[in-house]
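Next, two complexes with chain A in common: one pairs it with chain B, the other with chain C.
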Partner chain A sequence: MLNVDKLSTDIVTAAGVVHAVDRVSLSLERGEMLGLVGESGCGKTMLAMSIAGLLPASGSVVSGSIVLNDRDLTRLPYDEAKRLRAQNIGVIFQNPTSALNPRMSVGSQIVEALNPEDRTSAAGADRKCVELLGMVGVPRPWDRLSDYPHELSGGLAQRVLIAIALARNPELLIADEPTTALDVTIQAQILDVIDRLRSELGLGVLLVSHDMALVAERADRVAVMYAGRVAETGEVGEVFRNPLHRYTAGLLDAAPSVWSTGHGRTRLLAIDGTPPDLSAPPPGCRFAPRCKFSESRCSTEPEVVRLDNGHTYACWKPAGELLEATSAEMAPDVAPDHGAPPDGDRGQPLMSLSEVRKEFVISRRVLGIGTERRRQAVAGVSLDILEGESLGIVGESGCGKSTIARLLVGLERPTGGTVTLHGRKTAADGRGEQTAWRRTVQLVFQDPYLSLDPTMRVRDSIAEPLLYKGGRKRAVRDLVERLAAEVGLAEGVTRRRPNELSGGQRQRVGIARALALDPQILVADEAVSALDVSVQAVILNLLKDLQRNRGLTYVFISHDLGVVRYVCDRVAVMYLGKIVETGPTERIFSAPAHPYTAALLAAVPGNAKRATLEGEIPSAENPPSGCRFRTRCRLATEKCALEEPVMQNVEGDGGGAVACHFPLARTEGIPLG
Partner chain B sequence: MSTLFNKTFALRRRQKRNRYRSGVQGIVGLALMGMVIIPVIFAPLIAPYSPTALNLSNVLAGPMTGGHILGTDQLGRDLLSRVLYGGRVPLIVVTAAVLLASIVGVVLGMTAGYLGGWIDQAVSRFADIQLSIPSLLLALVMLAFAGSSLTTLILVIALGSWPAQFRIVRAQSISLRKMPFVEAAVVGCVPAHAILRRHFLPNVMPMVVVTATLSLSAGLLIVASLGFLGLGIRPDTPDWGAMIAIGQTQLGRSWLLAVAPGVALLLLLLGVQLVGDWLADRFSVQGLLARGG
Partner chain C sequence: MRFFVLRLFTAMLAVWGALTIVFFALNMTGSPVALLVGDNATAEEIARLTTEFGYDRPLVVRYVIFLRDALTGQFPESLQYHSNSLDVVLERIPATLLLSGLGLLLGVTVGLGVGYLAANGRWAWSRRVPLAIIVCAEAVPPILLGVVLVLIFSLKLGWLPTGGSGSWKNLILPVTLLSVYAAPSIARVFRASIVSNAHADHVRTAEAKGLSRRMVRLRHIAANALIPVINLIGVHVGAILSGAVVTESLFSWPGVGRLSVDALLNRDYPLVLASVCVVAVGFVIVNLFVDIFIAVLDPRARER
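Moving on to the complex of A and B:
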């Protein structure tokens, strides 16, 4: 149905012409899903947008062809190509809320996308909208027509976007990171919808994603892109089981998996460096500068090799059968990791939360008019952070895990309960005390772009907290250089400004700044979720090294269960402002006791016992009575609505605690699906 | 395919042209400003005559007569010298006033935006009240009571232009306060005054400069209006506004009397506006400007 042949797309920038897509060929049949993976800056999105005709004004297709149903979109007159695309291609974007017009109701936005013949009567158009919304699994579609985008959750907004994309019965659906902004449970729901539509309507789906596990699970075929080129394509199972291109192999090695055991013992195999500047790509194999296996012939362009099973790759020194050997070759890179200290070594609680509550006032009464609305972000959390451990906090967005991070570092004050550090209350102290305790708890931020002042050189950013601790200028300067070296920043980088740094470098700077005050506890709030998987591996390795060398205690907040499993010794699972389960990482991942934990794990791509958790997290304004999870739990009974479960110890190996009336026994497994 | 190539090149040309035009805009603006400001500053060196020397035997001489390039006014004073000297009062007053207003606006705006709460409420309401009174009216009343002097003029103009700075800086500070790099400084125990100085000030500066150019042209107009209404510094000190007012009475006999200072003012204003627009483009703050202003 779709045939892309030697397609090249250029983007004109102030710095020169960027060859974002370079002679890419691929094809897609009806009912097939093709996954397009690679790091950011590899041209995945530009390729998708070239096909969809949504390139930015500075970009254009310069050569090659895009043949859709035997008609070449690049050769048709502009209007004709536009009409053809409108009829046959639907597009879904990454951020569903910003892709909808906030001033228009859901219904009118879908009507806008309908074919003219469907729009002849208002009633008919509405019926068609409802039909579309029903198709994408929006509950009570009639009620949704008059809703505005801000009334929708992320998951619902994405469903609406899919409905809009389907309005003209397209044959091809282009999904550009459709679930990256969504929680893992919602991601599974959305992908289920896309899967169902694919088989019911015979849609061809081009799924652009950075998530290898997701593509492995959902797609039929995969194309791995690197530096504007397709490095490797083939059947999903074949490519991921037997990757031939070194880049594919590297990406697969770099991602920490939820399903791999042996946590804490291994290091992730990171890919060093960043993708090349596409205005002047390196000659020959473009991956060669970052490839551990590159040799002299890699400076000439590798031929595309096609195997019998349709698996193609462009690499001089393919992995594959050599995989066993390569692991050995890589061995020198693998530093011996002593892992976490055994439980017996673990000391006293460094920091404790006791019945901590945090409420945010959403709207106040003005002159006695209106109702006061409050949102309970954290609703009574008790948690000990033990010396030397890595504690993971997981949960869907809106569960209050980021608020916990902000409470720990003092960016928010609790509205109830106490936060203690070394057994001393932190909140009620005077100013000086406040400063002293804050210094021992530091935060690593999520967004490496916004967490550094664009007007400051990075060494000044790192030095800043030291200067106000009363350090001497020269001593501070030396210390900053030492810190920079410790986090692996090359010499000279500290003199630059943030906009001259890559994402990974910026995150290193953020870590160096957090370490400057020599803290005991480092709180990492989604510290690697904005990074590409290759960079993420580098930062995770760095964090592990730092912990070993400095004896740091980590509080690791993440929605990525694979990362948490890799880094953490102990995990706390949060749902709607409460902790529902705690326990050692291995026990939580192998034998979850709370149905919510089990459901979270079940939603992760790649799970053999995959099952989708229905519904979405309720509003924190009016949480459900009793057990807060009961509205989505299949085991819920009347008791769950009446009585709030208390934390009780989990028996058996590992232990931990769970707040559930009907905890899952070890053998029970996952109660869904 | 050739059409696509053409599209690429057309696009590149267009981008180049945009860059070129915005650059030209700035250069023209600066040239216009320089053309007026430099002669005004060096008036004592350039001016062929004293601006106050009377010569009643040669009143309202035409241009290029008797060594007077622009002729003389109704009291026989050299018009060119008077135009040159006449820019000094407005320039001094407006520069000092905008500087003062910017300092006040930035300090109050950053503090209010960062601290929030009742301080923010109090200062914001005060600025709102200030904005609701027309600057010219306020200036007229104040000058009528306090009498006209350089200091009062500066204060009056500054009073009219600080709310603009305040509101823009405050709006930016509120969004800066939530930026992770500011929170990182808070977590790093950096004191509030240092956060404002090190993180807020450099980040609001581009907006402050752009707003200042706008205040500059508004201030020049007010000073000229005050001069025109007879509330300028002193009747005998040359001042564009006052000169235009007097020239107006002589329009029938010598139109240059009103037009020469008017053109000088116009060129200066145009220059300031062009530079302001160019700066706004460069810092791409047009959107912010609309919101804050």
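Moving on to the complex of A and C:
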């Protein structure tokens, strides 16, 4: 159906012409899903947008062909190509809520996309919209037509976008990171919808994603892109089991997996450096400058080798059988890990939350008009943070995990309950105490770019807290240089401003800034979520090194369960403002006791017992009575609605605690699907 | 509905605030009686007038009386016209509405047109020249611009009257002058808003639907870009109302602006108070409409 042949796309920038896509060939049949993976800046999105005809104004296809059903889109007149694309290609994007026009109702935005014959009457158009919304699994579609995008959750907005993409009954769906901005449970729901449409409508799907596990689970074939070129393609199982290109192998090694058990013992094998500048790509193999296995041959362009099973790759020194050697290189941590803390009985906790609540007032009554609305972000959380441990906090967005982070560092004050540090209450104390608290507990932000002042040189950003503390200029400068070296920032980098740094460098700066006051606890709120897997691996390794060298305690908040499993000793699972389960990482991941924990794990791509948690997290304004998870739990009974479960210890080795009336036995496993 | 009720309430609060400020500001300048009677009045004369106008009473009492007057529309008699000051002002309202209404209309039309052109014009000159011209016009002080217009079109060319009212010809110069208060900034804000909206994610979705370029520009870019412009128009109503004072005086237009200047010059204190009240209320009402209009255009604004 779709045949892309030697396609090249250039983007004209002030700095020169960027060859974003360079002689890429691929094909896609109806009903097939092709995954397109690679780091950011490798041209995946530009390739997808070239096919969809949605390149930015500065970009254009310069050579090659895009043949859709025997017609070459690159050679057709503009209007004709546009019409053909509108008829045959549907596109969905990364940020579903911003991809809808905030000014227009859902219904009117779908109507726009309909074929003219479907829009002859308003009633007929509405019926068609409802049919489309029903097809993508939107509950009560009639009510949704008059909704506006800001009233929709991310998952619902993405369904609406899929409905829009399907409005003209296309043959090809281009999905550019369709679930990256969504929770893992919602991600599974959206991918289920796409899977179903694929088989029901015979849609061909081009899935652009940075998530290897997701592609491995859902796609039929995969193309790995690096620096504007396809490095390797083939059947998904074949490529991921037996990666031949060193880049593919590197990416697979860099991602911490939820399903690997070697937690804590090994370092992640990071790929150093960043993808090359595509305005002047390196000669020969473009991955060679970052490749641990490069040799002299690699400076000439490798040929594309095609195996019998359709697996193709372009590498002079393919991994293949050598892969075992790679695995063997996974160096064990120099020192044994900081002792497993399973029994959790290690004296006084460093910091603890006791029955902490945090409410936000959404709207107040004015002159007796309207109703007061409150959102309970955190609804009674008790949690101990032990010295030297890494505590993970996981849960869907809206569960209150970021509010916990802000409470821990003192950016928010609890509405009720107490936060204690070193056994002393922290709330409402004198200024000096507040300052001491902030020095002890520091935050690493999710987006290092947005959390650094763009006008300040990064060394000044790092120095700022030290100067407040009253450090002498000379001493501060030396300390900043030492910190920069400690987090692996090369000399000279600290003189730059944030926009001149790569994502990985920025996060190193964020970590150096947090370390400047020599804190005991680092609270990392989605600290690696915005990074590519290769960079993420580097930062995770760095965090582990820092913990060992400085004896830091981490509170690691992440939606990425693989990262949590890799970093954390202990995990707390949150749902709608409450902790539903805590326990040592290994126990939580191998034998979850709360149905919600089990469901979260089941939603992670790559789980053999794949099952999708239905529905979305309820509003924190009116949480369900009794057990808050009962509305989505398949085990729920009347008791769950009436009685709120209390935390009880989990039997057996590992231990931990769970708040559930019917905790899962070790053998039961996942109750869904 | 909740939005509307709340907004109405805040509008009333704003009117009250405006009236209060006007009252205290005018009383801050001392008893108007001294101004009223002139320099060679006797002490008895001043005392008599002070009692007559009630200026011997405490400020708070006068404030309450003033509020009562404002609510019932029973302002004291104008010293020049010898009738209810409010009636005198209301009589002049239509003329001012006509002038500033047309001025605003022209200003908004030209501003939106030039702004759209500056963002989407086909050629470089069409994107730059019109915007440059009206921004230059903005840089000239309005009173100077008004005098220059009169010099050229009335005195030199003799096409248009220098002032007065009665014919459509009398309107052209003052309306043009008033439109200069609004058009340039509307053009700049609209252009900037279009440019930033053009990069919004939802525009790409609209393009992916296969909509025509024109449709994408009008419905998904320009219409969304209007939201900050409408806020700005609300601000400009104030500028145009104050501009009306200059313009009406310059072109001898019989509106509220000229009336209030005359009232100030003639020390007609009750008339000043009445005209300022009317203008303040008018300004609040216009902003109420602007907010309602924005709520119609932007669903997110309804929930704030």
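One rule holds for everything that comes next: the second predicted complex is superposed on the first by the 650 of 673 C-alpha atoms of A that agree within 3 Å, B and C clash if a C-alpha of one lies under 4 Å from a C-alpha of the other, contacts with A are read in each partner's own complex, and residues count from 1 in each chain.
The definition used in the following text is that a residue touches a chain if its C-beta (ideal position, glycine included) is under 8 Å from a C-beta of that chain, and two chains touch if they have at least 3 such contacts.
The structure displayed is predicted, hence computed values, not measured ones.
K.L.:
Which holds for A:Pro465: it touches chain B only (first), chain C only (second), both, or neither?
P.N.:
A:Pro465 contacts chain B only, not chain C.
K.L.:
A:Gly510 contacts which: chain B (first), chain C (second), both, neither?
P.N.:
Touch status of A:Gly510: first partner only.
K.L.:
Using the touch definition from the top, say if A:Ala99 reaches chain B (first), chain C (second), both or neither.
P.N.:
second
K.L.:
Quick one: classify A:Ala15 as touching chain B (first), chain C (second), both or neither.
P.N.:
Neither partner.
K.L.:
Could you say whether A:Ala123 touches chain B, chain C, both of them, or neither, answering first, second, both or neither?
P.N.:
In the superposed model, A:Ala123 contacts neither chain B nor chain C.
K.L.:
Would you sort A:Gly410 into first (chain B), second (chain C), both or neither based on which partner it touches?
P.N.:
Only chain B is touched by A:Gly410; chain C is not.
K.L.:
What is the contact status of A:Ser58 with respect to chain B (first) and chain C (second): first, second, both, or neither?
P.N.:
The answer is first: A:Ser58 touches chain B but not chain C.
K.L.:
In the superposed arrangement, does A:Arg83 touch chain B (first), chain C (second), both or neither?
P.N.:
Second partner only, chain C.
K.L.:
First (chain B), second (chain C), both or neither: which does A:Glu112 touch?
P.N.:
In the superposed model, A:Glu112 contacts chain C only, not chain B.
K.L.:
Which of the residues in chain A end up touching chain B in this complex?
P.N.:
On the chain A side, the touching residues are 10, 12, 14, 17, 57-58, 60-63, 74-75, 409-411, 435, 438-439, 442-443, 445-447, 450-456, 461, 464-465, 468-469, 510, 513-514, 516-517.
K.L.:
In the complex formed with chain C, which residues of chain A make contact?
P.N.:
Checking each residue of chain A against chain C gives 52, 54, 82-83, 85-87, 89-91, 93, 95, 98-105, 109, 112-113, 148, 150, 161, 164-165, 167-168, 366-367, 369-370.
K.L.:
Report the residues of chain B in contact with chain A in the complex, numbered from low to high.
P.N.:
Spelled out, the residues of chain B in touch with chain A are 1, 4-5, 7-8, 11-12, 15, 179-181, 183-191, 194, 198-199, 202-203.
K.L.:
What residues on chain C touch chain A, complex-wise?
P.N.:
Result: residues 2, 5-6, 9, 200-202, 204-211, 219-220, 223-224, 227, 297-300 of chain C touch chain A.
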